[in-house]
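Chain IDs A, B, C, D and E follow the sequence of writing; residue 1 opens each chain.
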């Protein structure tokens, strides 16, 4: 029985279609991550300035994206934006936008955390040799906090990749949606087809995320050694 | 937006809200227990178990909850293992949350300074006494902010339960949209529902983080 | 000669491939104060940590009272009750009050009666002039106060031998004196002690014997005043010079 | 704002965006080689051809059909969209091309043939379907399990998560043919309804065009061809074309 | 009297509601060494930090050369190029090599030519005997070496005035001397300096003037030797006693 079910994956173009679906998820994640990374670093740096208004606004932005589940964000952006603001975007663009904004929000907190964990002595001594604000960020704060930020950022990247699984809810033809089509079209021929299709998707996600998790752990360990050495 | 529609929906959303709370609570409690077990096994380097739990952690952290739920709910029955939707949701949340909680506990336990362990040894404490009086109390309080962050994360993840037909907040809202087309009203009620749970938690988290950073937990 | 409490013979200790203690030999007489001096990284802490099992050693042996300790020794826990230790960094348990810090050993390790242990703890607190802080948490104390409590915590187990590893090195200068006075008091009461310190005046005043360590070897062993007034080796001479500007 | 889904806008753009199902055999589904096909899809392709534009398919779930129109994600919905009074308030329906009733599917070994048998039982539906609507209004002590997609609902039934599944009878007929251990025990519950193409409310231009198109296709016998090609092989012998398609459209 | 480089008048500084400096007045003469002494928490660091704008002050004024500085002063960045400062904690930028640490100010702040700045940096490194470490990273240096580099980094901007805040307090005792010798060398070259230190012997040797601070007030101001040999106030007497055990 288990023998026959696995063949659902090799039937027709099923495998290619599943991988095609994965490609769409990966593409959305990749663009969102790049955009979110840049935006997040800028916002994170801005959040360390002593401007109460700016801080409040950026804090609100963070809290919004932190508190609202991603499924809900996707629906909000997919339905509300076009109906109420007359902006029209395809499902993939909406998804990319949502993920980018979400990534930027979480990233801004990582960046801020990294920057404020740089010892205040470093700021003092940067000021003492006459560096201005921008030079302080560029030469002292960012370079020193980057090492601290990398593991958390990798974890965030892997979260974004995993969250692309929600794309099926807004009609993006992602890997899971394709999987459902396949299960439905072949359901009667492979009674346990869904086991194999979902299993295969499970493995696909694992293959994408596991190297990231290894990398993050490696960096964390290295950081521990550096901190002690 | 039509406020009377929002108002009419209140009883339904209240039920969904309570269900979200109940499932979150049970799942998170389970995740904390699993997390503690995994973390202890790693801290005390229990042979054998360490490896098995290590594999669990990797599977749990590197796959989406949605697929985990599909597996538990749709795929497992095909190989003869069936539990109810709510049970599937809770099991999924525990499966996912256990590894996240374990990481938080690890952080806390490893954050206890080595000198604390040594000075416990120096006054003759046994390994178990060391754990009981020194490592655990300090390690657990150090992990509190990370645990709180996970709680927020896991509560949000319950929104994915919608795919296995559990009538929690998200499912209820999507249903209202699909059947009655009150998109604005449904999304509004939905956001309010999550905000009531998560905003206080998020504020608590910020406070806890600040407290730890200031080192009031420390020496 | 006085009775020997501790004898260290041919002690060798490695960290990984690096040998950091090479063939260390010395004895400690009951009721005496031995001061361990030497430049940073010479192996003072490592020596002290081997003596109560915080580090394993590679070869050699330690005899403490009747107990012969060889590499891989397992019963440190009972030995440690007779050997008190105080560290450089503040090491009180931050989650317990002062009195709970002190009583943890007597009650949980030695299973003594609460009344008796408490009475002794209060007596010791009084001696270090911190009776008022019985219920304070460590974070409410200054560095000097913390170190005095750490000494009391070690003494509460009624050890026969005390190890001090640069206990004043993290303190504000003004706090140092209070702590050193407590250790001096113990010396007067004839507590057997092995002391690592960078406070030369204090060392000079308190030492019955000085061991001078360099690169994991004892390069000079002298009676207290003799070392400070007439160091035998050139290295010890240089060391003493560098310490007073 | 101008109507971005008007016939002229579509022609200018050169593509029409049509919402279809992707997991509803034999109406809208995807073959193992990845090609979209089915009764609705066949109609969609014909409409594209007659408009002289390319068709861009947008796969939807039942509960997102209205919002897909409202938020301009699609120009036209051809996803087995049953005309109901509530839906009429949200979108504009063209002339019907199919008829349908809610049916109830159950295991042959434990068949449900009367509505009264459902009392106290669990029934599976897909969110946003007429079946859900019907049981929400006439609950009769039924507990509904609401799924997002057709795949999920049939999967749940196969896993024995409920005693029955309610949906448009037309798909159920097709489904039982492939799953002979199940039966459509109740063929019709509630009133018969019609299935129509839908456009965004106010999109007169596309609505009129679609109405004319359906009349024209009817005259040509298009729907019979479509039925024979896409539906007939999936239905049992107890289903007649007249149960499903509307051919005498005026 | 020598020319005045710095005049502090009626300086008041609050942290929140707490006033930590009350009406501080003093002057620093060109080419002189002023030592700031006082117990922990008395406000020494705060005073120094106000002088190069690391802390805002509440009222009063600071005159540095021709520049009059009042609360809310904005142009610290240019003033700081004339005032070098070295801190207690090692504060080299860990992500840059020694030479990059030193050149950051001259090149990026003062926009000097690379050749000229490099030549000067190498000259200074040679003076503190660390020429070999030009391309080392801070983590490869001992504490004493780091502090000597920190001094060089400040000197590389050619300041007219140097502030030192307990620069040897975190060092291993053996490292202290090397750093103090560098500061002594600067004193001999008539660099104007304000020095906070706990090394009394050093203070005595180097100070032209001593300011004794307590609870945010200058309670005693004397010429160097005078302070150590005949402190005027009882509090200063006690302080001096507590410092040598």
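In this text, a residue touches a chain if its C-beta (ideal position, glycine included) is under 8 Å from a C-beta of that chain, and two chains touch if they have at least 3 such contacts.
By chain, UniProt protein names: A = Polar amino acid ABC transporter inner membrane subunit; B = Polar amino acid transport system permease protein; C, E = Phosphate ABC transporter ATP-binding protein.
Predicted model, so just to flag it, every value in this text is computed and none were measured.
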Contacting chain A as well as chain B are chains D
Chain B-chain D separation of Cα centroids, rounded to whole Å
39
If you average the CA atoms of chain A and of chain C, how many Å lie between those two points?
53
Report the inter-chain centroid distance for chain B and chain C in whole angstrom, where each centroid is the mean of the CA atoms.
46
Averaging C-alpha coordinates per chain, one finds the centres of chain A and chain D separated by a number of Å equal to 36
Would you pick out the residues of chain E that each touch at least 2 other chains?
none
Of all residues in chain B, which are in touch with two or more distinct other chains?
74, 78, 162-163, 174, 177, 183
Among the residues of chain A, which ones contact at least 2 other chains?
79, 83, 169, 194
Interchain contacts (touch definition) - all pairs:
A-B, A-D, A-E, B-C, B-D, C-E
Okay, in this complex, where on chain B does chain A touch?
58-59, 61-68, 70-71, 74-76, 78-79, 152, 156-157, 159-160, 162-163, 170, 173-174, 177, 183-184, 187, 190-191, 194-195, 198-199, 202
Would you pull the chain A residues touching chain D in the complex into a rising list?
11-14, 16-17, 20, 78-79, 81-83, 86, 88, 90-91, 168-171, 173, 177, 180-188, 194
List of chain A residues in touch with chain B within their complex
2, 63, 66-72, 75-76, 79-80, 83-84, 158, 162-166, 169, 176, 191-192, 194-195, 198-199, 201-202, 205-206, 208-210, 212-213
For chain B, which residues are in contact with chain C within the complex?
113, 115-116, 118-126, 129, 133-134, 137-138, 141, 216-219
Which residues, counting only chain A, touch chain E once they are in their complex?
119, 121-122, 124-132, 135, 139-140, 143-144, 226, 229
